[in-house]
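Next come two complexes, and both contain subunit A; in the first it sits with subunit B, in the second with subunit C.
Right, the complex of A and B next:
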């Protein structure tokens, strides 16, 4: 047991542990596993349970993070001379990321309702919400239309601001 | 609630009840809007349709505040005449005389653009309207819209239909809001309060629905708000605070994430489109809380996402690691940025919100404005009447069913009541939430007391019996109110309060808030109204009798008026962007003539304008503001101008025989009392504002000569003398002239004597 913990904490060899835990569900993860091991576990779980369409959105979000990060890096290293341009580029990336995250939440809420993702509190709130008015995730089409609406405004502002 | 609606259904006869009620509600709302517009028209009816500044000097004995309808009007005219693009690039060389002002980049264009758009729409519909009428009537029109927005907002808070209607009615006639939106007060607040309320409505809607669309709409209206009023910072901080509190209460949900992030991403970009705001949302600390909460909610969302894959124990461990990491990074980054000066420090106005003494010490220009003074307690009752004591009850009722939107009401209530206590001006932001809370409380009372008395005895006894059977002990206090007497008493007293409220609002509007400060009204002994029109008389004189580019120096309060009504360049005006320049004027006013004259010459001043209320008892005159001029000047030249020198040895501020030499030699004093005693019999000259006798001898002015004095002596205009033709200084010249006169007189006397002999 101590040896195993040691192995996990060095983060060099969590791989032999996690496949076993994955196959038998999250409950087999040791309560005192290290942060790195947990992260590994989460990653495996994520790949296993996320549907294809959501993965696509996630890939887009990762791309946006990359773009935003690159711009920020450029700003830090090479100076922020056209500050308007940097700001609008950067906030376009951030805004699109945020909008995509919102779209992902709305679509995956109802899509993968069976997953254990939402906490009890969130579930309750969402449930009450669905009862009251056409809340989040009632229809994918509505969510997508909202997404396009938001993106249009975002990019209008960005183009207007870019100078 | 169900009972109330069913009883209403009974009242309105069954199936047609729903649509009838809808119609009724629309009619009521329209009536409220009409009442809101109508009650703001006092000033137009009583005086004519002129743009006026709102004058708070009646309540707080200082002087008219820095709101700037005249400037807005002038800017709107410019916009309508020259089009949008040249308005955007407008460099105004007729204000701040030597410096000029990049007006297009330093104003909030929302108001002007709004009225410009209305103007062009009306033109398109072939309704020929003067732009001035649009400007005068814009504020009442928007207050009608505010009432509607208030209805929508309150309906989100409560299921009772009466709450929304009550709130709309309160908002329509509450003096706290009327104070800034009477006809003619063409000010940013005129549209800003509507935008404030409507943005909050959209925000609540967004939080409830969790849809990108509502969030984006919130952002759009937030952007509009940013373009209209500097008070947008209130929204910028309130919404993040709401989200933060929700997060702390463990109420994170995807709805909150969606609405907040959409609002922030779009709203921040939108606010940066306004040149005056520019990069402030990135740089200024006032906006940092929004950014911080934006980052926080990303983390929380990610944590929530990860939690789905993990059992509790490991999740906590991961969470701790993440929290430590991000806080470490974030704090280091913030310290680094603050030290290196990338993020601007908090602005002075912000500090003065927390430390009420701050402004007085550090920024006299802010403290000198009466609207930045702390609110006096009676002002709350004066502006809100019985709403102010219903307000806590309404907030309490929000605690009872604590949903997300009620949390918002509570936060808004707490914050704005603090701010309203700090600054008179922020009473304006308190008014909407007071109306919401009071309407919630009052509709609660009315639903319980009024509606149950209406249904026929059968239904009542039925419900009665059911309730008493099932839960006698618990229901008793609620169900117990059955006697028509107690219902009648409560309903009657509420009605009386409401009627009193209406009477109070009308009285306040008509008496306190509807008098344009450029036209003073007074009552003659026989009760007829006498209008004192000195300001316009003087400005008209300036327009007719001075060169087109004659520079007028006055204290900054009158800058916009001179620019708007007299159309002459001014040195300083109500846009107090350059403290040094204002201090220069203050120094010129408070120094001896020998010091002032070079200043006047350097700034090309042709005329100096002072406001003197001594004859009429008009308390908002320049001598009463004089100490602020001294203080502001002292802030820049502490060696040359000293506030202490203007007080007598016993610390009194006196203008009579015992006034200090500094005081008596100051330009302002001389200009105010020059020749004043000639109006009175010898030794009887009295200053009616300060209630003192005036020295029997007139102050001597060497470098200025009197050019104009208005009918009631409120405005006095002096012309700055040119350099002496013989190169003497003015002191000698005047002395010589006097000497010459005397000689001439004696000479004349001489020959005449000779002749007679």
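Right, the complex of A and C next:
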């Protein structure tokens, strides 16, 4: 899953990379660089350019993927006997992941959108982003409050369901 | 006062029914009163056992099996009439109706005269067949009485029968030799579970009409132990019908006779004891089962409170105990019922088809009954179930019990909690680590929020 995250960031990374060479980022990539070098470059770019909260979000999502994967693996290996326990444990991880992903969309996109050139990138990329950028857009505080509210409901249901 | 009267009435009834478990009014149908004296020992034996014996001729106008639509007698003993048929009051239809109303019948045949077609058609109704040649008698050249039938070989000497099958009680067992003169043989229909042989002819016997010159070898229907000397039919309502092939065996003469088998010693017959066993079984003095009490409840330690007995509803996977108390009538009293041989009394827990079929084990015994019990877990299926005991064996009255109960599913708070199941601990840990991770994330997020804001502002 983290690899996918990298892949996702590679698509968005090149756009800011070309104009951001003069910023504090690492040296620009040569045209015939090896795959490992590209990966390392991307990773360094990611660490350097991602805000700290987004990094935190990514770390938490990686943790959720790990917890969910372990639970699923245990279910496959040891059987699903208290099936409600499996459902609620696994769906807590998945649901938390979904909620965290939406929080990431609401916070990091608007952040990057407002920081870099809004019009050119927004229009070319996605319609939803465009909407968020131009519209009032949810504030980070509002997004975080929604996130906590949603998570509490999720936890309430999961704890009830696990009996 | 009324209570006292009821008790008195009960005592009277008990006194009246001191012998047979189903009444003491016995009607004997016989031709002439001269014939009556030939069986005087039988009559006195029956009266000594408490029967209220009345005699009627088949031709009599007064003879009626029913009065005001009810049975006028409890038992019927029919001796073979001299004339053709049993008369207008004892048609096969009447006799079968008597049987349907729980009356018991002992029908004696004789090989001396040919059996009437009325009797033959009556027996056909209950799947007992007489030979086509209605005056045939059973002859055996190895088991005959050398004293009285040295020439004709038509007085059979037989042992009293043992159990019919390993799972059937022997009601006609005992020592000694039976003398059965001039037996009219019967064969039983193979597809009826209600008929059973009481006494079979020996393997060396065959049926033969002494009036014919030459035995017709081509139309032999049955030989040897296919021929029955005494056979019985117990209807689904447990009314009994017994056919005795040789009426002469009941005569005083044969009760006290001494017989001698070829190459044997001279011994007295046991016809009198056999007649007692036969009439006692037919008139329900033996082989009568009664279910005294049925209890079922949840399996618990110690005594079960009265309000917990026979609940109407159980839950799936409940540990359940079923008790049934069974008595057997033996001549003049109720005794504990013992399942004969390898047989077992079975309990079925059914909804359309049995989900459980269990052997009931004897657990305790009272003075008059045995308590059979089984313990089982109700199946994982909710619905309307019934406890059933269905015990139908030859010579025993039928036991058919059905008690309906509801089996419900688990209530939502009756499942085990998840932490009680160790297999679920991983998922519980997973859930709580997600929640713990969430809390830690929120704390770090709030802590790091200003820095993120600053980044935003600088940009």
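Keep in mind that, in the parts below, the second predicted complex is superposed on the first by the 93 of 163 C-alpha atoms of A that agree within 3 Å, B and C clash if a C-alpha of one lies under 4 Å from a C-alpha of the other, contacts with A are read in each partner's own complex, and residues count from 1 in each chain.
Rule of thumb we're sticking to: contacts are C-beta pairs under 8 Å (C-beta built on N, C-alpha and C of every residue); 3 or more make two chains touch, one makes a residue touch a chain.
For clarity, every value in this text was computed on a predicted model and none was experimentally measured.
Applying the document's definition of touch, where does A:64 land relative to subunit B and subunit C: first, second, both, or neither?
Touch status of A:64: second partner only.
Which touches a greater number of subunit A residues, subunit B or subunit C?
Counting residues of subunit A touched by each partner, the higher count goes to B.
I'd like to know which partner A:142 touches here: subunit B for first, subunit C for second, both or neither.
The answer is first: A:142 touches subunit B but not subunit C.
Based on the superposed arrangement, let me know which partner A:159 touches: subunit B (first), subunit C (second), both, or neither?
In the superposed model, A:159 contacts subunit C only, not subunit B.
Between subunit B (first) and subunit C (second), which, if any, makes contact with A:35: first, second, both or neither?
First partner only.
Determine, under the contact definition given at the top, whether A:88 touches first (subunit B), second (subunit C), both, or neither.
The answer is both, since A:88 touches subunit B and subunit C.
Go through the superposed model and pick first if A:101 touches only subunit B, second if only subunit C, both, or neither.
Touch partner of A:101: subunit B, not subunit C.
Contacts for A:150 in the overlay, against subunit B (first) and subunit C (second): which applies, first, second, both or neither?
First partner only.
Check whether A:53 is in contact with subunit B, with subunit C, with both or with neither, and answer first, second, both or neither.
second
In the superposed arrangement, what residues of subunit A touch both subunit B and subunit C?
In subunit A, residues 88, 115, 158 are touched by subunit B and also by subunit C.
Could you pull out which subunit C residues touch subunit A in their complex?
415, 417-418, 421, 423-424, 426-431, 433-435, 437-438, 441-442, 444-445, 448-449, 451-452, 455-456, 459
Could you list, by residue number, the parts of subunit A that touch subunit B in their complex?
Listed in rising order, the residues are 26-27, 29, 31, 33, 35, 38-39, 41-42, 45-46, 49, 83, 87-88, 91, 94-95, 98-99, 101-103, 105-106, 109, 115-119, 121-122, 125-126, 129, 132-136, 142-143, 145-147, 149-150, 153-154, 157-158, 160-161.
Under the touch definition given earlier, write down the residues of subunit B that touch subunit A in their complex.
Contact set of subunit B toward subunit A: 208-213, 215-216, 219-220, 250-255, 257-258, 261-262, 264-266, 268-270, 272-273, 279, 282, 301, 304-311, 313-315, 317-318, 321.
Any idea which subunit A residues touch subunit C in the complex?
51-53, 56, 60, 63-64, 67-68, 70-71, 74-75, 78-79, 81-82, 84-86, 88-90, 92-93, 96, 100, 111, 114-115, 140, 144, 148, 151, 155, 158-159, 162-163
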